[in-house]
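Below: the structure, in structure tokens.
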């Protein structure tokens, strides 16, 4: 029970079902005195918003966030009070009738069956709590986390779609500015590749099918020292945060899977010193060594499965255990990756902010 | 701070440095009345023990676990009291002089630099707390977790080495009995492949180099309903637990990376009903849907990097920021995977046991 | 940081400032399938509501709770889904101008100075987050906790005002039904005493002063076995929950302070057996032994200080450290006890519900 | 389940039964670089040690603590590494045969019955986990917490016996140096009162009976700003920590119970300013306002019940529900207060240290 909270010092707890009255949450632990850019929070929500382009779900939600506490207006600025920040996003375009046929049947590879087994009942409308609509709250918290990290140590976090289905960027992961990424509706910063991805998604949509792919996220200017051995290693907490995003199948840090094919002599990142500033000449470690950030870019690749909802007829069973066929209704993304980009950034930001605060008491001279 | 605990209801907290007096921990949350097989706990430690074969580190540790509390002897049986179980393993064969040269220098891709930056000082002997020796405590807790799961729902957890460097088993992941796996010193259940792996490790050892690979872990007979949406999803907590093992670079669930190349119509696991018993005809989900177990086998692949310590000369810097060269001393595994198998099983068992207990209060009829 | 959550399995996190847009929270961990009586939740809020009688604050708040998630309507019933229950209460009658004079000065025995020191800034309107208005969220969660406990083991929790200032009930603590308690606007179930208390509060109000007193809470039909040694003892967690209520100064369990004047031979509760049913012949332990409930009534006495806000002139200092005088404005309770009764019940219920769920995994035969 | 941990940033987890092999624990969260005075830790244990005087239990335990990890020797100093500090105290003088008669019967006002009900079985030897012997681990952690607080902000914590049975010090609580307190075997700093207390304990011991009393603890030089609204208020967490000590019946902060008899105009602590330094002219708040420390002395009174074990014949029942009589055996304290003094200080220190670290991230300018 009770799994709707994440973080130890930068905490977020969320509530809300896909077709309920509202989605929202509480953010606790942001230090007092941080000047907040509310417009930036809304911009991040807009990047996740349904209906933003032709290749995503056509559900129409304005996704306007309302802050209910924890902030004060002072001399034209919005400032954190150190008290919990409550917020909510009202649901407006729920078409629950689209889900009538799944009230008593289990959609393949959805959470219908496992929720029913666990709880004995479930809210079938729009997938209820298992819907990716829940991630809207994460984006709100992630935006604040990014503002905190930016203020405290100039950290920047940026994610992009590296691969859609089998169409992949040719170059290794690197940091791209958000504007460059957002110039493409697929959120891939390579212009030639992005148009092929766009076309691929359009075709799959027409087929009534779906596809997956990979997102790369890079965090730069990360303070060295983040991560708490041995269980709350930075990579461990990042893996948890990212794996809690719907549809994620795989996580790779730094050199990732391909790094496991190298020899130690090829893979080790040698330290160098330039004007007394220590860094590494390669970054196979992805910015984390022994579970602690070393100041290099944090690099993670996240694999997403194809969306479970498709418009094709599939075999399944109903609650009575009778075999039936089912055809997906509702408005869905043929490929979740373009909208998942801000969610990935949010989860990385929430985790880094939490560990940033936790690291403030590592040394006696800091306390 | 304070990152040495894992689990909410089945909790483990550990302590100990590689070359300190002892390594140990406390396990809290095992229900009272569980009959414990102490010999089995020791057997699991023996599977992780250094010096067990020619292809692993030659450090000689008997790794005998001593239980200090939480158990009672009754009619020839050892039974849990419901109180915390304290345990320790004494370190005996520490050769700290092997580490004299790294007291003030940073070994490439080790935790030396990040620990120094975080804490201002570190125990350099044997890597201190960052050493994989710390995982001995995990194996103790994991053995008890496996006994709990076995008693309560016949769950069996078994891991094997699927790939060493570029030598890989040809078939998809499946459950193998532990005896079959342990018949090979590499812990790969394919006889032909295992001998090639063994040879590869021997060669790399001779070169003074190291290699990585992949381990697959399968849990069968897992109760449906484990996992707490939305942040404590079963796959999220498993990812954290596994990513906290030293040298892990990647995690894949079910169909994993290759699943992200399929279309939804190919990837979805259709439900079937046989005599009213619901199951899925494929298992691309790897036994977890919407973050909750569905009763199918849980299947995870974990990628390991090549061991960081190698016997070759490498460039690095010392604490003063001066560039130096360094040659690894100490006794190390050219490939950590054979000894990592019981550690992987332990972390999966600890996570499943925690979620098994958490799931006991999901439904009103159960409480 | 991050102290706005309580509970491990039955969790509540709250947000909201006294004069902000709304007050609310999230309840996580209630098992799925519990039928909820929404009218009862509102009734509990009405018992805490300002303006309910002549002896309490005249702030006018309807305090209507809106549930936003976690519940489903089925066949005319409201049922928990097992997902987090978000709720909010809109603030309507905030008179922030009453607080203009305390924006830069520190009211004696209020949180103004300590908040300013901790956070560097504060929301002075109505006391911001330090206002007892925050407890409205606790009453919502407490009402659901009482419904859970009532359903699962017929537990009833009832609190009453035992003492106002120096006017005290003569008899030792016992269980009174809520209706009997609520028949008095002071919430004291002794008719003669209650009228003296009422008069005393009226006089003190006229003086522009304030008074304190004591509340007794009794929980009956509590399952034996609640409480987790050694730190999360039932009395320890109850003490924390109750001490977190504004204005609480003292907590006594069972025989309390007077029990510390007895000898062991007088104080010990002897066990008796009636038809094989074990109970104690006295209850100096207050229903808790070794930190674990023993099935007898849980009995706690809570002392409250006089309200800090008074209408008299007091000496204090402002933010610049200059000594000034201040006269309390705003609408306040001359005695908080009548309205604190449902808050005390709520905190006891939340703690018992949490431990009720935690106790479900104590024995191997239960899991 | 899982209640053997306390603290969020300064964490301690303990294990051990009264007559088991050893008692011990793990302390996690002390910043790296703190110079530790090991002799002082042992001195604190000596103050809690059985057999230290004629008025306490005659069990002979040397109570030598062994540290197993988390510390490094450097230039003659013992320094924290930032990693978890494992420690243990071996049990040597267990006389388990003294407890043969309680294996299947329930001692009045002990934890025998509640443990049996909760767990289905228990370790009856010496009370097992419910024995106050468990507090030895708290004293170790408390000593380190006091050293941390002393180093960081010169905080001093000192407790004394204010009352034994009905013999009480006449003056209000104040800070006494430890040496002054320890000059009396009762640990009461008033020479005339202490000899009457001593005599009273001796007489009660002769009668085979037991008595209780009250301890006052004062913490001075506490940083203003400690405590996290709204649930983790400093007084709330202190109440929990202190109520988790065996035999505690009541807790009072500042003016305590007697303060609840005052009017607001008498009770409020007015702020004054001396050379720009803000303080209060009285301290009825006991150093905590709105759940946050205000820099004044923290003052708490803790009431203890008479020891449950007495040498008189009492009525009780056995495990079969049959009524029997029982006479206490074993070596016990006729009055626990003299030995409880260092335990009280330890729990206050652990809580303050935790909140000291938590407060490091309250303001944006600090992070």
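By written order: A, B, C and D. Residues from 1 in each chain.
The rule we apply is simple: contacts are C-beta pairs under 8 Å (C-beta built on N, C-alpha and C of every residue); 3 or more make two chains touch, one makes a residue touch a chain.
Quick caveat: nothing in here was measured; it's all calculated off a predicted structure.
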Intersection of contact partners for subunit A and subunit D: B, C
Chain located farthest away, centre of subunit C as origin (C-alpha): B
Contact-richer chain pair [B-C vs B-D]: B-D
Length of the line joining the C-alpha centres of subunit B and subunit D, rounded to whole Å: 38
Subunit C and subunit D, separation of their C-alpha mean positions in angstrom: 26
Approximate Å spacing (C-alpha centroids) for the pair subunit B, subunit C: 45
Touching two or more other chains - residues of subunit A: 1-5, 8-9, 14, 29, 31-33, 82-83, 118-120, 129, 229, 357, 361-365
Subunit C - residues contacting subunit B, complex: 8-9, 29, 31-34, 80, 82-83, 151-152, 229, 356-357, 360-367
Residues of subunit C defined as touching subunit A within the complex: 1-5, 7-11, 13-17, 20-26, 28-29, 31-33, 66, 68-70, 72, 74, 79, 81-86, 88, 118-123, 128-129, 357
Subunit D residues touching subunit C - in the complex, by the definition given at the top: 1-6, 14, 106, 108-111, 113-115, 117-120, 129-130, 134, 163, 165-166, 204, 209-214, 224-225, 227-233, 235-244, 246, 248-257, 259-273, 276-278, 280-281, 284-285, 288-295, 303-310, 312, 314-317, 321-323, 358-359, 361-363, 365
